[in-house]
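Below you'll find the structure, written out as structure tokens, and then a few comments.
Letters A, B, C and D name the chains as they come in the text, with residue numbers starting at 1 for each one.
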């Protein structure tokens, strides 16, 4: 009996610490373990007792990457809980912020973490040595999107202008115009990126699983909407009813299922659930014979690149219609309450859930996209590796990593477990 | 408009190792200066520091520098031919003329000998103008003494009293702080004292000298303060309403005592 | 992560430094290195051991960001009983984790880059200093200094619980510039008159609890003593 | 005899001035009132008292670049930024007495004994059109130093109902008087002006009740309080935020630093405002001469009421009250001085 065990102690080019081990017997996959070994950080514990003003600030620190998404999800849940009115204009501006941070996050993932796998480079640093302009282009988009986020958020990560009900600073016409100008500037680069990533050779592996994302029946929503799976549609508030959770002993992140199935969230899920891609984006995909919905896991990368084009147009349209914002003093109607929010972070659905008493948090629950994806990652790996189980260790490692990286998992987030009752 | 903030670019033309942490840099800057004056030395990209002129001629000035911080450490890593910036000279300098025809005591501790070196050299060249002259110099260790190669020549012209805090092999001289040498000075009355060294050394030496009866009205000290501009505008070197860079760095002990903002600024001189 | 936000600057930095180990961006990561940047703070035994190894194998160790410098937001958990904290996860994960502490609690730290997120400008300043051999020093003054240089309205005047006066400057008063009080993400500086500021806040009408909450947000580990003093006051 | 100008013509007058001069006047930016360069005269705000930010930043900005250097061909090239400082003529309109006095003090530090060329260039060509306050701010105590109207100005406006009475203080000021806008003032107008100024000053005085006119006497008194327990007390309160320094129209300390590119081959030397309340301010390689906070607090008060008197014979405080207004610790300079001279 030829038994072998392939293990990657620490998967590189992902955010956080995760390991993978594959056990094979006679070139048959016995077991695939995708383990997360990152210490818990107890956000849900120490958020308790904190004043509602600080909650989103703390939430922003859950993870160093999706700070914008976390802060927005958090503030939205706080506003829901305390019935703080949020003008539509504010929501639109927040969406702009979310979009620029999405693009930024995707670009980081696409060029620096994913692309090296497909051009046979060890890292973006090596890529830079070979194709300086390519890396420079990526940096240009990153810089521009960071700049856009910072225009609205004060800084590119950990925005510091959000306050319940609005912003702490004026958002002037000038700021909005600069946002549009920057977006216009990088739009051609986003199209190029979409073309580049549509043209790459991806693993052919496909597997049917469920997909979950926000849904509003007319766009690919990021900030508002119901939650939709392939089979169900429900309000964010009802998440506890639909997500089932369970524990595995080799990982510090909990797993979850929806309607008894493992599911995927993120760019591919968004496009699979919402058939509303803008023409410009759809055309790029079509010209490389790429169509959504699709079960091809590695196309997450394509979905991200295509989505960027879609959201760039969306953002410019929103920006054209938003009005100037003057900060005002907002006080909550209630100091007690419960609030849940669901928004789309770059890596997928993100849920924040709080309860307040006397303006102080008494309960917090944060469900992050990577936590939702881990089960899906593992099952997909199992399936995929079956096909190539005869290959050498090196090949298996490399292919497995490709799949894992496609999800752009954010491990530090995944330890924020799902808790359902 | 002439701009006093603009340094003149000059080159390092020679470097003399004095001690493990002190070097003398010869800078191609033809400045006319009075003993005790200083320049603002620029190391581009690092900043500026006030440094006393420890010697010079028509073509160059000498700067003797101890490596303590940013700029001073950087210049220690520089080589002959490298460029620096110079502004100055600034400050009032030592009142050497007051000592003419009288006794002179030069008291230095550590790097404090650098600003006094031009005085010593002036004395050597104009020995007749002075009566008794004594150089009192203390360093932490013998190996940290500056200008050792000059001491022999200087001792031809004046009494040289040396001391170290910690002896090393081969050291036959006095061990102890500078004050332990004060009673060996052969002249007391009618003595002009010029003093420079660490605050603590200046404090105890001036007390000792006062006790021995040296005229306090004729004791002069050079003070060190934080300086940014060297021309009395930035405010950092102000003590008790005077600017060390313009009104000093040399002050008479009496003035220094008056100007010190009591009681916290006194550490610099005397309680 | 914020490292990659240096964008084009990275390419310039690469001319002078060789990035040997960067798990987020690189596949092959080597040790030992000249300069190690450590972001975050250990929360498991393995991570502590890893930190010790990094210290051994690097000439210069830089604590990058508030978590590494002060224990940061995760340090908040040190305020509560471990059991209570674990309950939130229904007793899961099973191993008792390690209190988030400043890196300097475990190893010698050569430089601190403050802030959550840390300031890019300061990181560039540090890297420049390392490249050209200039001394890099912590700012010994408060956020207020940078705030008033920008002629902002004081948020304390508007009744906000701002920690500017006791928080180490260097962020160019980012939050106050954006109309938001300083939450103290850079931690206190050595000369800070913390008790003086507490007095100011009390005079403004803030309660002890509010002040303790605000002090502990980012730097519980650094304010521990003052907080227990305040509790007893 | 002075002249007067109808209030509704002031705007036109300013527009007319703007054609030839760079015009500065009170505006509000981000909720902070200050004196700024005016693009459009409708931006000018009408305040009954001084602006929150003084004139100082116009002549002595928080950050000023001295020069650029570049290491090139084995040498160092320096490009002085001084010539780039425009020497356009400017008019500063709507300044209050305390600020005009403060600029005179600043002149002493920056131009009298030593000369700061960057300051000179901006200062030299500035014409000052001041205006009497309508009522004081809470923290104002200018009457302790002599009142609202400074000794030197180019033109001085005082509200006398439908008109401003205009005092002419210099040749430069006189040249600005154009018949198109100004008319002869009557004796009655002048009386009205005097009454007006008196009534506002009385109002301030009633609150202030301090008179520091006898400079010699008070400076001695304050100087002798160096060991007072008040310093200990203030040292515990002060949080060393430096705001009082930055906001003060006469504080002039600065730090100088070099900023470079990543490899140090090129850079700029800049100066940035500094504050004597900060820990590093008096630190040298040997020791920190004002390590204790109380010494720093005292130094600032002394550098307003003692040291400048010794050096220039003036106080470096004009009673604008800004430092009291901004101090988070509630240290009120006027109250401090009152205690010191008791």
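Keep in mind that, in the parts below, a residue touches a chain if its C-beta (ideal position, glycine included) is under 8 Å from a C-beta of that chain, and two chains touch if they have at least 3 such contacts.
Computed from a prediction, not measured in an experiment: that's the story for all the values here.
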| item | value |
| --- | --- |
| Farthest chain (mean CA position) relative to chain D | A |
| A-C against C-D, pair bridged by the larger set of C-beta contacts | A-C |
| Where chain A and chain C are represented by their mean Cα positions, the distance between them in whole Å | 26 |
| Chain centre separation in whole Å, for chain B relative to chain A (CA means) | 65 |
| Between chain D and chain C, distance of the C-alpha-averaged centres to the nearest whole Å | 38 |
| Separation of chain B from chain D, taking each centre as the mean of its C-alpha atoms, in whole Å | 39 |
| Overlap residues in chain D, where contacts from two or more other chains coincide | 30, 260, 264 |
| Per-residue multi-chain contacts in chain C, two or more chains | 132, 134 |
| Two or more partner chains touched - positions in chain B | 45-46, 69 |
| Chain pairs in mutual contact under the definition given at the outset | A-C, B-C, B-D, C-D |
| Touching residues on chain A, where the partner in the complex is chain C | 10, 12-15, 37-46, 48-51, 54, 57-58, 61, 64-65, 67, 108, 112-113, 116, 122-125, 128, 132, 135-136, 139-140, 142-143, 146, 154-158, 160-161, 163, 167-170, 247, 252, 254, 327, 415, 417, 419 |
| Touch list for chain B against partner chain C, complex | 45-46, 69-70, 73-74, 77 |
| Residues of chain B defined as touching chain D within the complex | 1-7, 9, 42, 44-48, 68-69, 72, 83, 85, 198-199, 224-226, 228-229, 231-236, 238-242, 246, 261-265, 267-268 |
| Contacting residues of chain C [partner chain A, same complex] | 1-2, 4-5, 7-8, 10-11, 14, 19, 22-29, 39, 42-44, 46-47, 72-74, 76-77, 79-80, 84-90, 92-93, 97-98, 100, 116-117, 174-175, 177-180, 183, 210, 213-214, 217 |
| Chain B partner contacts - residues on chain C that touch it in the complex | 132-135 |
